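Here chain A shows up in two complexes: once beside chain B, once beside chain C.
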Partner chain A sequence: MESSYRKGLERVARQMILIHRADIVIKLVLRTIVRDLKVRHAGIFIYDKKHDAYIVKMSRGNTGFKIPSGFVKIKKDNPIINYFTAKRFSFCGDFILLDNIEKLIRSPKVKKDIKAGEFLDDLQTNLDFYQARACVPGFFRKELVGVLFLGDKNNGDKFNTKDLGFLSTLASDVVMAIKNAWLFEDLSRQIEVNKRLFLQMISAFVSSIEAKDKYTRGHTERVMMYALSIAEQLKKRGELSNRNKFVDDLRVAALLHDIGKIGVPEHILNKPAALSEEERDIVREHPAIGDNILKGVDELEMVRLGVRFHHERCDGLGYPDGLHGEEIPLIASVIGLADAYDAMTSDRPYRKALSFDEAINEIKKNKGKQFDPKVVDAFLDYTQETNNKLR
Partner chain B sequence: MESSYRKGLERVARQMILIHRADIVIKLVLRTIVRDLKVRHAGIFIYDKKHDAYIVKMSRGNTGFKIPSGFVKIKKDNPIINYFTAKRFSFCGDFILLDNIEKLIRSPKVKKDIKAGEFLDDLQTNLDFYQARACVPGFFRKELVGVLFLGDKNNGDKFNTKDLGFLSTLASDVVMAIKNAWLFEDLSRQIEVNKRLFLQMISAFVSSIEAKDKYTRGHTERVMMYALSIAEQLKKRGELSNRNKFVDDLRVAALLHDIGKIGVPEHILNKPAALSEEERDIVREHPAIGDNILKGVDELEMVRLGVRFHHERCDGLGYPDGLHGEEIPLIASVIGLADAYDAMTSDRPYRKALSFDEAINEIKKNKGKQFDPKVVDAFLDYTQETNNKLR
Partner chain C sequence: MSRKVLVVDDEQEIVDFMERFLIRKGISVVKAGTGEFAVEICKKEMPDCVFLDIQMPGKDGISTLIELRQLSSSLKVIMITGKDDVDLKEKAAHAGALDYITKPLDLSDLHRKIQTYILNT
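On to the complex of A and B.
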């Protein structure tokens, strides 16, 4: 009976190492303690670097008490923490039992020692506040990462040495799991930050290039937005296999689709009239130039396909390679349509923008000619779903 | 006596979770088994995703045998693996003991069952090959991640049920630690990849911008190289506090120092003659333009200082802000000197390049005027150390 709770807790202790979120590790352990050890509540004071203090996390079981909100931090000089870290008094050991503390306070030895008495009174007040009947420390190397505390057992039994030994081992396992989870959280956060930086850096470059071309300001942002919306619809239609990877690549490719324009002379980009045939040929080099710029960057194979082929056409009349139909990678078809739609609906030096309806008609007319039919369908879904709000 | 090895192994099992390199976890566990359990050798067949096979890792102790190189992989249909995964026969259980297998082979029941007999013969051959007296599986969920195997005990004793129970628990802990380490290795690898991609992407952009300016091709690469070499010397002189961060930022800032030139009209950049005062003023906007381009990218505060202030001068006569002496961030002073040295030693439309000696004299002459004295000293150290190989 007495040791029946251990198996469950040992199992939990084994599993928690693969949970890489500290808050979930804590919840899991506390709940299991409350359930298997049959205590009214259990909690942990867990060290928080940012505040240089210990945060209180609790599981209150069915009958246990709840910490009033606002009282969720204890400082490093709190006697519960100090008991394990400073060990100022000879009675400071490897665990705290409220019963022992009460006995100590009444002992003649402590009655003569004012400092000890004050410390123990303060400790008792704190234990009472958290209704903590027993506390065990969780050290990692020499650092007190957390202190596990438990309310009364439901049946009124006292904690015995075996309980405490077991809980101590558990506490160090928990602390290890939390440390492990923290490391994971840090690494994952770093990955997110790096991804964000990468996209921000590309956006910064692209805007600076776009700034040179007075006719296309804001174009890239809009193309990316349309392209991601089309991908959203392709997803709904079940046309995407590796969704997340596709969307990540599409975002980057849409941002970069016109990067090759950096290789087009400024006087051509900014010419306030229709281009000559020769000038148009130069502009038409931009997808291949873009592809070439990116060839030194690893893991952009898919992105480069989007950049290189976004001016290809279903009917093979596009550039730079004159690909046909299914030869054109989906990522390029999506960007191609988004790009064309934005071009149609923007003013150019030599023509006014088309209206929404005119542009939609143009796209429908070119389904299967210029544009991949399934991409057109996805785009139409998108305009419908947003209640034609592009209009 | 018998259980005396367990404490050490349990301690190791607890620690290994925070070792984030799978190979070290394995080495640690195998060595501890050999030492504390006193076996001739111990090993593990560990699943390798890339090869879809199990790789053999061993610790051979003082007297144990060594696997001949080349025999380091076993396939998934190897009977040692199959014993735990397929469980084709009723005798397949939670561990393998060579003694039991030998007994089984001689049993009348197996003698009648050809398939079972073949399987056991094959198993025995494999166990003999690895001199594996006992094997226990390490599962993660339903996946057999590894199989722990042990040679004979040094004192000739047989393995008993308690040994095997303990080893089974140990095997699942080991497998958990390995899984955890693999995840860490994956995340760390991803962080490295992302960092590389970030730098490659910047380089790609910078090269494409540089390609527009026919007088400065290769300039950025050289400035980065000089700047990092100066940082190396500053490090040796103890002038850098947060070394790694400084060097990381310096690398990015050196790559980006001229990014603002994208805002300078091409006809000015490519003018085959000295610039007019007005044109020079436009070129002088590039550090501020560069800073401005990067303002939308998080965590580049230090990099932006390098970009914005790399044309400031100690004597306050630089641009864009006319900072003096210590007001100029170190990162900018380093790039400033690297940039100036490369400009001096490169041909320009309106003048020939200076020789190495002329450039060094120019730099010495401008120490404390144009250049931060401690950066000049570091640069001179660098040219000395490389035996003036820049000459």
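On to the complex of A and C.
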């Protein structure tokens, strides 16, 4: 008997290292209990923050009853919980055995103590709801995380000290697994929060540039939208590897692509006429300035490529470095096309916006010259898929 | 005389659980997985009380409740609701539901309601 317990415990311990999901560990532990202890059913209450109560997460058994997961709760003031947490009475210990409770109820000492009697009656009624013969708590430090409950043994035997030791170990295993899962969930949530904060900070930062350059208001948002739509199509065409990272970087790079304009004098940015050659050269510095601004941020290496090279052209006539064709990083080609399309279809003081059809023709004409052909194809897919809604 | 209760829920596990819980209190149980079937059962033989899921596909809890109450205006119906079904609970009360129990269920609460509405009448 003892060796089968040890084997069960070792098996659970081994699995725990491999499994990080609490629900799977719980299932494994309950299965181990039902099999090795030969009980009719076993289940577990687990503390749930949302309900501020203990919820039956799982219950299983060959015979006897089964409680649908998440269907039943016990409140924190339930005697089954109170027995382990408040320990109001001297008989409250480290486990509950129904036999002991029944004995206590009949004892002369309890018969004299009305409060204890009421508590025990209530406890007995609650144990009966779950047809529980035994309950074992799972603590993490001083916090009661879960309670295992067990039905009768198949052969009608009583639970002995060894059984309870075995159950205590399993309860700690479950609690540990749950704690880990909670930690992991908290961490994932925190990462999401940070990510959102980061993007919102960047957006705020970008509006400060847009405030300076009145012709490009809303431009950044649109470029990001077009760029992400192009990426979506590239994904469908199987042209993206490591796509999640690409899309994350693309979003940030699209937001930051004009950050270098902060180094371009306002009178040039807002000039209500075509620019002189000299002024144009100054404007052409903005991708390199942007790249330079972001130089200190380690995590933005890929983003910097998008910022620096978004005005490069396939034919090598772009700036700042005159890269050719495949030398231009994809992230920059995508932003380049999104940026050009938005510029073409926006009014400028010295020219009217092109119509949708004119802009599309312009893009087709420059496929392989200014624009990366596969990016053009993805963009055309996008305009078609959205039923030419951009029109 | 044994009391008879109808349990209506589209989730089989829940109906089965309720059945076992009620049977252990000496109550006989009929089960229905849909509102339509619940109405059929009540047309043949009226139970003493109905536990009725408020959210079901097909005929939902509220329409079922209204039809059941048309069959018998004194029928006791206790709704099984979710924590966030605030509007539905109000609708159910207007349509004559006697009380409700909220999922996840507190079995002490369920036990009390069974005593009050079924066993002690």
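We adopt the following convention: the second predicted complex is superposed on the first by the 284 of 391 C-alpha atoms of A that agree within 3 Å, B and C clash if a C-alpha of one lies under 4 Å from a C-alpha of the other, contacts with A are read in each partner's own complex, and residues count from 1 in each chain.
We adopt the following convention: contacts are C-beta pairs under 8 Å (C-beta built on N, C-alpha and C of every residue); 3 or more make two chains touch, one makes a residue touch a chain.
In this text, all values refer to a predicted model and were calculated from it rather than measured experimentally.
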{"item": "Contacts of A:Asn78 with chain B and chain C, given as first, second, both or neither", "value": "second"}
{"item": "Partner chain in contact with A:Ala254 - chain B first, chain C second, else both or neither", "value": "neither"}
{"item": "Comparing the two partners chain B and chain C, which touches a greater set of residues in chain A", "value": "B"}
{"item": "First (chain B), second (chain C), both or neither touched by A:Ile262", "value": "first"}
{"item": "Which of chain B and chain C A:Asn126 touches, first, second, both or neither", "value": "second"}
{"item": "First, second, both or neither for A:Asn194, with chain B first and chain C second", "value": "first"}
{"item": "Common interface positions of chain A, toward chain B and toward chain C", "value": "none"}
{"item": "Touch list for chain C against partner chain A, complex", "value": "11, 13-14, 16-17, 20-21, 83, 103-108, 111"}
{"item": "Residue ranges of chain B touching chain A (in the complex, touch as defined)", "value": "14, 17-18, 20, 172-173, 176-177, 179-180, 183-184, 187-188, 190-191, 193-198, 200-205, 207-209, 211-212, 259, 262-263, 265-266, 289, 293-294, 296-300"}
{"item": "Complex contacts: residues of chain A adjacent to chain C", "value": "51, 53, 55-56, 65-68, 70-75, 78, 125-126, 129-130"}
